[in-house]
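Each of the next two complexes has chain A plus one other chain: chain B in the first, chain C in the second.
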Partner chain A sequence: MTVLGEFALWIALPVAIWGMTLGFTGGRSQRGDLVLSAERSIYAVTLLLMLASAGVIAAFLGDKFEYWYVASYSNRELETFYKVAGLWAGQRGSLLFWALLLSFFSSITVFTNRRKNREFMPYVAGVLQGILTFFIVVLLFAKVNPFERLGFAPANGQGLNPQLQNYWMTIHPPTLYLGFTSFAIPFAFAIAALLNGRLDSRWITLTRRWILLSWFFLSIGIVFGMRWAYEELGWGGYWFWDPVENASLLPWLTATAFLHSIQIQENRGMLKVWNMSLVVLTFILTIFATFLTRSGLIESVHAFAQELRIAYIFLTFMGTVLAGSVVLILYRLPNLQSENRIESFLSREAAFLFNNLILLGAAFSVIWGTVFPLVSEGVTGQKVSVGPPFFQKVNFPIGLALLALSGIGPVIAWRRATRRNLEKNFLTPVIAGLAVVAVLFGLGVHHPLALTTWGLSAFVLVIIVVEFWKGTRARARIEGEGYAVALYHLVTRNRRRWGGYIVHAGIVMIFVAFAGAAYNVDVRQHVMPGDSVQVKSPFGHTYTLTYEGLSTSVGRGQRNLMWQAIAMISVAQDGKHLTNLTTEKRQYVTSQQPMTEVGIRSTPAEDLYLILSAMDDMNGALNADSSAQGIDLQVLVKPLVGWIWYGALVLTVGSLIALWPSVEKRRVAEAAPTGESVAVGAD
Partner chain B sequence: MALFLGAALVAAAVILFIVQPVAKGLHASLEREEDELTETEARKRVALLALRDVEYDYLAGKLDEEDYRSLKGELTAEALAALEADERARSGAAGGVDEAAIEAEIAQARLGLREGAFCPECGFANEPGSRFCSSCGHALQATAAR
Partner chain C sequence: MKKHPRFLVGLVAVAAVVTYLIWTGVSETMVYYLTPAELMAKVTTDPSFKDVGVKVSGRVIPGTYERVEGQLLHRFRVRDLEDPSVTFPVEYRDALPDTFTDDTEVVLEGRMDANGVFQANTLLTKCGSRYEAAPEDLKG
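On to the complex of A and B.
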């Protein structure tokens, strides 16, 4: 099976090249037979990559340690679940997995468009096969072939990094890859539009669902990563501006900008060059993110690869995409003129444009902060790392401006807003925001950034609620429907708009949680069994944490686990017993360092987060020496942090509403668009 | 041996599958389908949707009367232009351009606008005095926010 998989990967290369060539030439010469062959080649590559992936998984399941990749990421004791996930546990497998996902999405695109949008499809097939060709070339020639043999078969593998043996880590990378790969579809349609000359909003209309889908996967992929860091890394944070985290944030920032700016093109026929540039930039950033995370160029907890040749292949591909796209856009420039101009800075167009500029500003600051250490190292030989303070300083104001715009954008009038319009729509929300600031200030919240964030959050939430209320009321009044029915019809008639508002509400919740970090409490204390630690929550109550002692086990329990030492802590709030928490150190046979497992008690108001920072005498404790039970206990109180996950849930609901296929007529007779969303999509 | 056979089988199937269209002359269509929006149709549609949005904003109480009228006037003019452009493109595609028919339609649309018979639901320009939209059947007296 594994040998067949390797063979399939080699066959996939000429097939992908064939498809790319025939797609472009078929489109250029308008020959349907070449185009059909190109489209079929996409199905063929999908099948071949499935075989290759099955080969890798079979090698993992069969403990075939003669393969370098299997020997490096698995061992006999690894649970089956993680063996299957071995396909994306390391660099080599994940590159194959990337290509596999892209081939799935490509096949779906070709299949759903087999009888429509034919003017785009030759080039779409060509572009998609071009990207697939690139990944197959990387796999085969960049010394990252997952089928590479060691030349001998070790008795056992090195096992999987224990930090990766976590549920979130298993679903976090695939989710991000789904986001990265699905963005290739809008990119392919954009390039196809540049090639076939159909430069109106058609390519956007066709790929709107893909754009949303990609954005959604990127968003929850990032949140999954935050969740993983929060639970598993054991330092109490969820975001450290780590280069790999930044890598996933970059395409998210530009995709968010794109998601908004296409609405201006669709509604007003403006920003055509801008949108083309954004789709190209976002696509390149998805490749860049893959490159950063999977080339080992930047050291971080995620990047565990060393090979450099891959870097040159990636850079060449990104350079080619960039140069080719720029040439195409310049060539089509005369046909990409705006149909309208921005009439006023007080208009929805302007709000969206500001949103775009700010998001791009954020993206460039993050690129700079991520790449600067590399450049610096290249020039001076010194590795300078740009820490969280840089990113925070730059991105706090950016985040606040975006938060404000997420409220302003949806309600400000198109074209130009008059003073009356502004008063009518913004007076109540502004008063609400100021009221929240005043009340919080009265309650003793004096941190300026937190106050601003929560005030703005209230402003945006009130705007969203009022929008829903006004829409429902108007509908109920006019159609004579009950409020619940009216609300349901309101949302289903324009899923994109109302789903978008719900996504905004989710983002606001996440911002509320971010600002809570201003009131984090962090106490570290040495304790012996029976000792207590008092920690005061910013909400006023006091936790009393009593250390009950260590419970140790050696050589038992889970597979691959060498020993673990569990600190038992009983938690009381204002003298009343709440619960018992544990935090532990454990050592896997496969790693040098012991790892920390944290204890978390979550409530909507705050998380209590316990870390077993250090043990006085590890060997003594493991030998059940009762005098060696002293530990350093770190206690964090993290107000509102849970709202990140609740917000992500709301964001998911909103995205699903916007993505839900509406039962819509393909085209309504004679200039009569009765439905809200134009449902002629490539989905 | 079985492995070799399997590999040969996969390779042969793949090659046959992708070469067949070229060898046998099977063609994929490259034409725009009947029910796909053309550029002018898409533009017309956007113009009409914009009109409907303004209508909604007004009915939901987000725009006052004066702003509503000025925006609606502009949007109506744009929608009309888009309608005309689409009509021209379509008759152009069908062969001869029936100028008189277009003029008549535009005149009717303008009249409809004046008489307030421009359907708020779908944007169709109805004959003056219509009680229901000839295109979507919407009642023209009571406007709906959607």
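On to the complex of A and C.
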């Protein structure tokens, strides 16, 4: 199976090159037979990449440690679930997985467009096969072939890093990759539009749902990563502005900008060059992020030297995409003129444009902070470092501006807002926001950033609620429906708009959670069994944590586990017993150091987060020595942190509402398959 | 856009604010990233350098790690990655990451105190996000 997989990967290369060539030549010469062949080659590559992926999984399941990749990421004791997930556990498999997902999306695109949008499809097929060719070339020639053999067969593999043996870590990379790869579809249509000269909003209409799908996967992919860091890394945070995290944030920022700016093009025929540039930029950033994650490139120049070949191949590809796109955009510049102009600062166009500029500013600051150490080293020879404080300092004000715009943008009038429009839409929300600030201030919340965030959050939420209320009430009156029915019809008649509002509400909830961090409590104490730690919550109550001792086990329990030491802690709130929590150290057979497992009690108000920082005498404790029970305990109280996950859930609901195919449009599409069936839910 | 200079001013203002944020952000939060050898050289030639916050990467010397019980204090010595003769003591008062052993490469952020002890505020171990080991080690 594995040999067959390797063979399939080699066959995929000429097929992909064939498809790419025929797509472009078929498009130019208008020859349907060539185009058909190009499209069918996408199905063939999909099949071959499925075989290759199956080969990798088979190697994992069969414990074939003669393969470098399997030996690095698996061992005999690894659970079957993680062996299958081995396909994306490391860089090599991830790259194959990336290509596989892209081939799936490409096949879907080719299949759904087999009888329509024919003027786009030759070039779409060509571009997609071009991207697939690139990834197959990387896999085969950049020393990252997952089928590379070690030259000997070890008795067992290295095993998977225990920190990766976590549910969230298993779904985090595939989700992000779904986001990265699905963005190739809008990119392919954009390039096709530049090539075939159909430069109205058609390519946007056709790919709007791909854009939203990609954005949705990027969003929850990032949140899954935060969740993993929060549960598994054991320091109580969820975001560290690590280069790898930043790499996944960058395409999200530009995709968010793009998602908004295309609405201006669709409604007002403006920003055509801008949208072309954004789709290209976002696509390049998805490639950049794929490249950067797990390569450690930014850490130091030394890592760069080790990965020279793959770095050059990736940089060449990104450079080619950039140069090619710029040339095409310049060539089509006369056809990309705006049909309208912005008339006023106080208009939806202006609000969306500011949103775009600020998002790109954020993206730029993240890029700058990430590469600044390299630039500085190159220019002055002096290596410097900018860390989380830099990103926070820059992105707090940017985030607040975006938060405000997420309320203003959707309700301010197009073209030019009148005084009446402003009063009607913003008077109540502004009053509500100020009232929230006043009440919180009265309750003792004096942190300026937190106050601003919560005030703005109230402002935006009230805008959204009022919009829903006004829409529902109007519908209930005009159609004579009950309020629940009216609300249902309101949303289903324009899923994109109302789904978008719900997504905004989810984002607001996430901001509310971020600001809660201003009131984090952090207590560290050395405790012996029977000792108590008092921790005061910002909500006023007091936790009493009583350490009841260590429960240890050696050589038992889960597979791969050498020993584990569990600190048992009984938690009381204001003197009343609440719950029991544990935090532990575990030693896996496959790793050199013990891992910390944290104990979390999560409520909507706050999380209580316990970390077993250190044991006084590990060997003594494991021998059940009662005098060796002292530990360092760290207790964190994290107000509102749970709202990140609730917000992500709301964001998911909103995205699904916006993505769901609308029933009427589908009926129309079935009646007339050549019609504009993809164009759903226009404003 | 030509007809609307006011609007252009708005755009330029946004760009200027972001640039300003990045500029001040870098200048206020930037720290030098030095090797132990460079840090020791700077401290000897310029004693006032002791108060400057720096980031240093070095390797923990095996056997030097001790934990001061009851104080949440960790002490160890690190050495330069290239020149093992350059070493200095470190004190760190926070939870150690799981990946810390007394033979890891660490990145410390903090400052050298008057007694020549490096007071670290943050400690990162440098095995990065690759989470993989070299299977060549399996041989033998």
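Rule of thumb we're sticking to: the second predicted complex is superposed on the first by the 642 of 683 C-alpha atoms of A that agree within 3 Å, B and C clash if a C-alpha of one lies under 4 Å from a C-alpha of the other, contacts with A are read in each partner's own complex, and residues count from 1 in each chain.
By our rule, a contact is a pair of C-beta atoms (placed from the backbone, for glycine too) under 8 Å apart; a residue touches a chain by one contact, two chains touch by 3 or more.
The structure presented is a predicted model; accordingly, all values stated were derived computationally and were not measured.
Student: Based on the superposition on chain A, does the combination of chain B and chain C result in a clash or a fit?
Tutor: Here the two partners, once superposed via chain A, fit next to each other without clashing.
Student: Is A:130 in contact with chain B, with chain C, with both, or with neither (first, second, both, neither)?
Tutor: A:130 contacts neither chain B nor chain C.
Student: Please work out whether A:455 is in contact with chain B alone, chain C alone, both, or neither, and reply first, second, both or neither.
Tutor: Touch partners of A:455: none, neither chain B nor chain C.
Student: On the A-aligned overlay, A:269 touches which partner chain: chain B = first, chain C = second, or both, or neither?
Tutor: A:269 contacts chain B only, not chain C.
Student: Check the residue A:642 against both partner chains and state whether it touches chain B (first), chain C (second), both, or neither.
Tutor: So A:642 meets neither chain B nor chain C here.
Student: Kindly classify A:55 by the partners it touches after superposition: chain B alone (first), chain C alone (second), both, or neither?
Tutor: A:55 contacts neither chain B nor chain C.
Student: Please provide the least distance in Å between a C-alpha atom of chain B and a C-alpha atom of chain C in the combined superposition.
Tutor: 20
Student: Which residues of chain A touch chain C in the complex?
Tutor: 65, 68, 71-73, 90-91, 150, 152, 154, 156-158, 161, 163-164, 234-235, 242, 244, 293-296, 299, 303, 341-343, 345, 350, 353-354, 357-358, 361-362, 364-365, 368-369, 372-373, 382-387, 389-391, 393-394, 397-398, 524, 526, 592-596, 611, 613-614, 616, 630, 632, 634
Student: Taking the touch rule as given, give the residues of chain A at its contact with chain B in the complex, in rising order.
Tutor: 3-4, 7-8, 11, 15, 18-19, 22, 27, 30-37, 39-41, 43-44, 47-48, 51, 114-119, 121-122, 198, 200-202, 205, 266-267, 269, 411, 413-415, 418, 420-421, 424-425, 470-471, 473-475, 478-479, 489, 493-494, 666-674, 676, 678, 680
Student: Across the complex, what residues on chain C touch chain A?
Tutor: 1, 3-4, 6-7, 10-11, 14-15, 17-18, 21-22, 24-26, 28-34, 55, 67, 69-72, 94-101, 109, 126, 128-139
Student: Sort out for me which residues of chain B touch chain A in the complex.
Tutor: Interface residues on chain B, with respect to chain A: 3, 6-7, 10-11, 14, 17-22, 25-33, 35-37, 39, 42-46, 48-50, 52-54, 56-57, 59-64, 66-67, 71, 74, 83, 86, 119, 121-124, 135-136, 142-146.
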